[in-house]
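The first chain written gets the first letter, and so on, giving A, B, C and D; residue counts start at 1 in each chain.
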């Protein structure tokens, strides 16, 4: 039995990390048991920004509930929206026009790059390097500007509607994205010099927060966390959606399963996403960007599940419909929630600083966990 | 494994199971008391190997509850959805699978917190999101909270 | 020609003419005390501003640019805010030690000011064991930090203080050995003599390989001793929120903050004195004309220029590198720096005995 | 060999650190790379699709295009829009439903754009304003149709 304050009977120190703490990236509250500098136990306490989005969605129509999901994993809000639109399209058997699909994929990959860039900067902050944060934001800003021009918002875009996207791309979109590709390609090597190649970073991350492939699967980890153990898990490859089967890209693997492997998976995913954007940006097919849909959407009675690969891993939407205007029950399977479960397993026996570094490589977004 | 093969295999395993093939994946409807042996089999049988439990949730059907498990095999790449029906809505109980799939630990706590399903033999069954003294289970259909719920 | 040396000399003469020697000495002490405090205030303002600007430019942003011209008054405004802020004492803290700790840290920083030679003959106390004095006093600041960490009744502070203790005690060794190598070369512990011995060239050039190695070890060790990134274990913002001064606010926090910057100034001043000739101008062998031009620049400018150059180097470290882990930090000291600096001391001794330096 | 490995370690480590320092040093001496935008002095021009707040289009005769059909009210997920209708008497003596007050709660709005999409007569649009801070939140409840404005002719 753990006391909230003080020490355990064995004389170990109990520290509350969070809900306000620089390294928890939000309002995550971890109760850690320390023996000197060594972490013995990590216990997450959740719910500080639990908004019960699942209950909220039960009273929203199938057009309305999509925007709420932007507020879950706000760093890959477009991909969340895409997952929700996919489940509605699956239920109503709407065929999204090619142009709509390509625009969605382009936006999703740009979002993924933006999310990974922010993670990279925050990762640097977690291990004490402050400069990468601003360097990462410079490139992320370019993506946000592109988003702003086409979608009308920078972070919670709500650009996806069932049947396609809300508006056609802005006339400047292709030009700006091409400029961005050039910019990021010139800067991505600086990331290597500034942080990846740095001896201190490598010493800090190698062999830290190790998880084996079996354990990662058992803990339900997804995304870069499980790919760092060499497990195939990319939904874009396993169950391609929105035309991912037509683009060429590699699923990034590492084998070590430690924090550095997770770091490298994300760094290489930036390049892969960039190559997807490069393939598609000059080949956006002509045609409609949105399928014709009824004004009021009613899903038939039944159950529908769709999964997408967000920047953090597998995001699933499970809808049970009774045939009404609103979902009967909706459940979001968020990647961060399962990844957080593995934190204790990864960090027990290591130092406090390792815990912070491991948490950084898990890339937790707290609203995604709390929902 | 295809849907048909899975179906025959699972019928052998749990004779009382019924199937629903409407969706993308095979849905297996079982009773809550059959769940634990079935879960062990799903995890360990050589031709099943469902090692990745990617979603656990509970659904309130007004007269009864059901717990839904989405399982995938990372080696054999097949998916199955198991729905365990819990007839007793007032005191819903089902065996935990957190010792089979570790990810279930947090997911089951969430289901307990929001839907009130008691997972027997769970190592640490407490409220996850809500405060410990919260009354009621918010995701149930008959939950009323005049203060925080705004009817539109 | 006007110089700070003659100014100091004239003040001394004047006071001795007016008052009896004891009163004169006392009033000189008062003047020096006021001067040191004023220097502290100015250094604090300048260094904090410098740090913010350096970090901003490295992070491709502008930094403070609203208060005053180009943000020059920003640190003054911040200080004003800190002075006006309520100094909270947490419940359950050891009140006496909690309040004492920032003053100890400040006093140590002030004491270290004594043997520093700002220019020729402008020195508070030209003690004949100046370098030893600095090594000895600078290790005292750890007491203040431990006191702050322990008295705060906060686990973050406690861990930060313990880390800091382990770190400062370890790095004291290689800093000491690095300084010792230079003492071997100079043959004196007195600051003014060390400076004088560099009249025809700075030690970092004259002492070639061992002096350079010694300098590198010195700069790493003092970065660690002053708790600066990448060795800021004691504060470790992302792990321990603010480490040993988590619970401090208002003026007492400002004291810690100020002491940190003054400590940086002092260690850099010592580095400049030992390796770069203190206030000595840059001289090249037989280039008489060049040397003559260099002599026109006053010693104070040379001294502050070199010191700020080293401060910039330390800031440059901070805004480039990630932080080390505590065990890696100690590992770096005990398996890399300490053996190298011991070997270096041996090398230096051989070179000094044989006179293989310029 | 141990000594060779040791020296190699030190060398590689130090070069990686120096490379990083060269990069930050480069940015330090190249102030033109600075990306700071000094906000109140330099205001960025926001793109025309930027979703700042909902406004109603009015022409120079103080006429709007809103028929009071409440499509936007139904489309809104947060109950941001509240439309009050009245009955106008048309010249030929019939009663006709018309817009009375279009209430818009900016404090509830999430700028999801669904109302704009839902509007059949193109009466509302998103404005590119973003400085919405006020001291009293009741100021954020706005009436979008201007006083005395009428329905534009020909809009059904």
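The definition used in the following text is that a contact is a pair of C-beta atoms (placed from the backbone, for glycine too) under 8 Å apart; a residue touches a chain by one contact, two chains touch by 3 or more.
Predicted model only: the values in this text are computed from it and were never measured.
Asks: Look at the interfaces C-D and A-D and say which one is made up of more C-beta pairs in contact.
Replies: Between C-D and A-D, the larger count of C-beta pairs in contact belongs to A-D.
Asks: If we define chain centres by averaging CA atoms, which chain lands farthest from chain C? Would you check?
Replies: If we average the C-alpha coordinates per chain, B ends up farthest from chain C.
Asks: Centre to centre, by mean C-alpha position, how many angstrom separate chain C and chain D?
Replies: Chain centroid spacing, chain C to chain D, equals 51 Å.
Asks: Find the geometric centre of each of chain A and chain D from their Cα atoms only, then give the gap between the two centres in Å, rounded to an integer.
Replies: Chain centres of chain A and chain D, defined by C-alpha means, are spaced 24 Å apart.
Asks: Find the geometric centre of each of chain A and chain C from their Cα atoms only, then give the gap between the two centres in Å, rounded to an integer.
Replies: Each chain reduced to its C-alpha mean, chain A and chain C end up 45 Å apart.
Asks: Taking each chain's centre as its mean C-alpha position, how far apart are chain B and chain D in Å?
Replies: 41
Asks: Could you say which residues in chain B touch two or more other chains, in rising order?
Replies: 152
Asks: Among the residues of chain C, pick out those that touch two or more other chains and give their numbers.
Replies: 58-61, 319-321 - these are the residues of chain C that touch more than one other chain.
Asks: When you check chain D against every other chain, which residues touch at least two of them?
Replies: In chain D, the residues touching two or more other chains are 17, 20, 23-24, 35.
Asks: Applying that definition of touch, give me each pair of chains that meets it.
Replies: Touch list across chains, by label: A-B, A-C, A-D, C-D.
Asks: Given the complex with chain D, which residues does chain A contribute to the contact?
Replies: So the residues of chain A in touch with chain D come to 60, 63-65, 67-68, 131, 138, 141, 148-153, 156, 158, 161, 166-167, 170, 190, 193-195, 197-200.
Asks: Going by the contact rule at the top, pick out the chain A residues touching chain C in the complex.
Replies: 13, 15, 21-23, 34, 37, 124-131, 133-135, 138, 194-195, 198, 200-201, 203-204, 351-354, 356
Asks: Flag every residue of chain D that touches chain C in the complex, lowest number first.
Replies: 10, 17, 20-21, 23-25, 27-28, 31, 33-36, 38
Asks: Any idea which chain C residues touch chain A in the complex?
Replies: The touching residues are 55, 58-61, 155-156, 159, 163, 229-230, 232, 236-241, 319-328.
Asks: Which bits of chain B are touching chain A when the two form their complex?
Replies: Going by the criterion above, the answer is residues 22-25, 27, 51-55, 57, 59-60, 68, 70, 74, 77, 81, 101-103, 105-107, 110, 114, 128-131, 138-139, 152.
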